[in-house]
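Every chain is named by a letter (A, B and C) in the order it is written, and numbering of its residues begins at 1.
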Amino acid sequence: MTLEPGTFLFEAWTARFALMNGLWVTMTSSFFSIVLATLAGLLMGVVLSYAWWPLRLLARAYVDFMRGMPVLVLILFTYYGLAMFRINVPPYWAGVIALAAFATAHVAENLRGAVQSVPAGQMEAAKAIGLNFPKRIWYVIVPQAVRRVLPPWVNTCLEIVKGTTLLSVIGVVELLLASQQVIARNYMVIDFYLMAAMIYIVVNFSIAQLGALLERRFSYIRY
Amino acid sequence: MSDQVLLQARGVRKSFGTVEVLKGIDLDVRQGQVVSLIGASGSGKTTFLRCVNLLEEHDGGDILLDGDPIGYRVADGRRKRLSETKVSAQRARIGMVFQSFNLFPHLTAEGNVMLGLTKVLGKGKAEARDIAGHWLDRVGLGARRGHYPYQLSGGQQQRVAIARAVAMQPRLLLFDEVTSALDPELVAEVLGVMQKLAEEGMTMLVVSHEMLFVREVSHHVVFMDQGRVAQAGSPAEIFDRPENERLKGFLGRFHAMFGQAV
Amino acid sequence: MIQYYFDWSVIWRSWDKFMAALGLGLTLAVISLAAGTVIGLACAMARVYGPRWLSWPVWLYVEFIRNVPLLLLIFFVYFGLPELDISYLDKTQSFILTLSLYAGAYMTEVFRAGLASIPRQYMEAAKAIGMRPWQRQRYVIMPVMFRITLPAFSNNLISLFKDTSLAAAIAVPELTFVARQINANTFRVMESWLTASALYLITCYVIATALRLLERRYASIR
């Protein structure tokens, strides 16, 4: 196989560090967004399900707001908005915050659905043996809700990974922007976009596999 | 059997919206007694049971357990609702078995029994496991302690549910139509467990449509009709000498089904 | 925190631009949904009823689209097609093509699930009264499936409308692009983005409500 300038392999090898850097940024920004969104989403899901009604209303408004907004607008708004208030946040973190804020709404709404789908008899049985409210939630409702919330949660994770491409719009050099910068040098448009696409597919398939593994871990919960 | 009154209900009323389901229920359960509630569906039996365990809040009248009012305390001559913690503590003194079993699907049979022991009574894991093993043995499921609910038949699930309730050593055990969701061939194993408990002196308040069982095991039978106690008495009084017309009609349907056995 | 003085005059002066942008975004979404429905229906039928050799290219198409970020697809089509000497699409048409292919993959899954959820008895009942295969499709399967998949339609329309925001990345003058332009030209950050956000939210809400009414009309059939 020839490794001359102009061949895909040569160009890919030349650009390997740039691309790997991009992939690293994609992975870390996804990771931080997922962690933040999961923690905040769990909390907000409990608020949506059980909290005192004014709090619940607030959470509901937040969720509906986030679900009616394009992520890109959210990212741009966060980025320019923070900059305007002279809050010095690098684009990377502005993007992570916006993505997490968006995904929080999805995690919360999914959790609420999962909690609601646990049969009412479970709560009653938990009451009947004298468990108090936090214990009923923690030992009886949450384990069952987790199983139901897992598939949509994996989906949200995949959306986040794909959503990190939008950070390129505010100048974060993640995998897509890194690929574009490589393309700008060698004009191998199809090759490098296709390669980026393949990398996203591999990442997403891996996450889906991990998700399936986790789901199997919880598959003993049946009715 | 002692004469001490364990559960005392006086004028218990409960409405759902504009529908008055309980129109003043008076009822005593003495220590060690088995009291059965019979009546057509919609007569308020289940609602009364749920009020006793605070799954519903009664609107009027008193329910006293060991003399303490359930769900509220009286301060300055007015009722104050008990805190969540107090309500949970009261519930822990009353066991309940449900029509639909309501076993926790994410826990094994043993885990189901242990949950209340560890998280409510604060027992250690090892002790809780011993107690759970003991009671699962008693309901004939010692060998199934590691099974998840979906791996058990309906009758077995209901026996685990009974073990879960009894293991808490409640003062009173409530049974809410516990055999109604079971296939006919599985009813006997559950009733057998209940009968054994009754013979050992467990205080029980039972809602059931199993008239043979009610007649055999109860010390006292209460016939409820349209939210009231229409007639109450010993099994013999209720089944052999019914006075209330509605009770006669109600029993007539069972006689038609089972002949004169009931 | 720094004091911010709102000045909405910028927005009113560009109001026509916002409205045109909103109209464009909606148009893009509706066209893509229509095209995506056709693609999705064809692909779903191919997967469910078609020969085996047809089913894996469909699978490949669906999985590729669903796992590759939309923004990458947009760039891929916009910059990639000219490389293949297909250069008669302008940026808007190129975006419509991408979003249609994108919608097609998602609609394939929607229809496939819809077909799978139709009780077998319907098919058997249709056979029992002597319907021919195409009649069964036309008079029994399709009407039932469309009612089952109606909620997915509204969800997809809303998602697609939100996705039109990505057209800004190739300078299609829809809402996000206009908001960003006005932001850049006037430095009225809050005004431009609040306006864009509000327009997105209201539009999504209106679509959702309108389609829910439509669903209710057909809800009696289940």
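Going forward, contacts are C-beta pairs under 8 Å (C-beta built on N, C-alpha and C of every residue); 3 or more make two chains touch, one makes a residue touch a chain.
Worth saying up front: this structure is predicted, and the values here are computed from it rather than measured.
**Student:** Are the chains other than subunit A still all joined, and if not, how do they split up?
**Tutor:** Ignoring subunit A, components are B | C.
**Student:** Please identify which chain has its centre, taken as the mean of its CA atoms, farthest from the centre of subunit C.
**Tutor:** Between subunit C and every other chain, the largest centroid distance is to B.
**Student:** With centres defined as the mean C-alpha position, give me the subunit A-subunit B separation in Å.
**Tutor:** Chain centres of subunit A and subunit B, defined by C-alpha means, are spaced 47 Å apart.
**Student:** Quick check: how many Å separate the C-alpha centres of subunit A and subunit C?
**Tutor:** Subunit A and subunit C have C-alpha centres separated by 21 Å.
**Student:** Whole-Å distance, subunit B centre to subunit C centre, using C-alpha means?
**Tutor:** Averaging C-alpha atoms per chain gives centres 55 Å apart.
**Student:** Hey, what residues on subunit A touch two or more of the other chains?
**Tutor:** Residues of subunit A touching two or more partner chains: there are none.
**Student:** Write out the stretch or stretches of subunit B touching subunit A in their complex.
**Tutor:** 53-55, 84-85, 88-96, 98, 100-106, 115-116, 119-120, 148-150, 161, 164-165, 168
**Student:** So in the complex, which bits of subunit A are touching subunit B?
**Tutor:** Per the stated touch rule, the residues are 119, 121-122, 124-133, 135, 139-140, 143-144, 147, 220-223.
**Student:** Which residues of subunit A touch subunit C once you look at their complex with the stated criterion?
**Tutor:** 65, 67-73, 76-77, 80-81, 83-86, 158, 161-166, 168-169, 176, 180, 183, 189-190, 193-194, 196-197, 200-201, 204-205
**Student:** Which residues, counting only subunit C, touch subunit A once they are in their complex?
**Tutor:** Listed in rising order, the residues of subunit C that touch subunit A are 1-2, 4, 63-64, 67-72, 75-76, 79-80, 83-84, 158, 162-166, 168-169, 175-176, 179-180, 183, 189-190, 193, 196-197, 200-201, 204-205.
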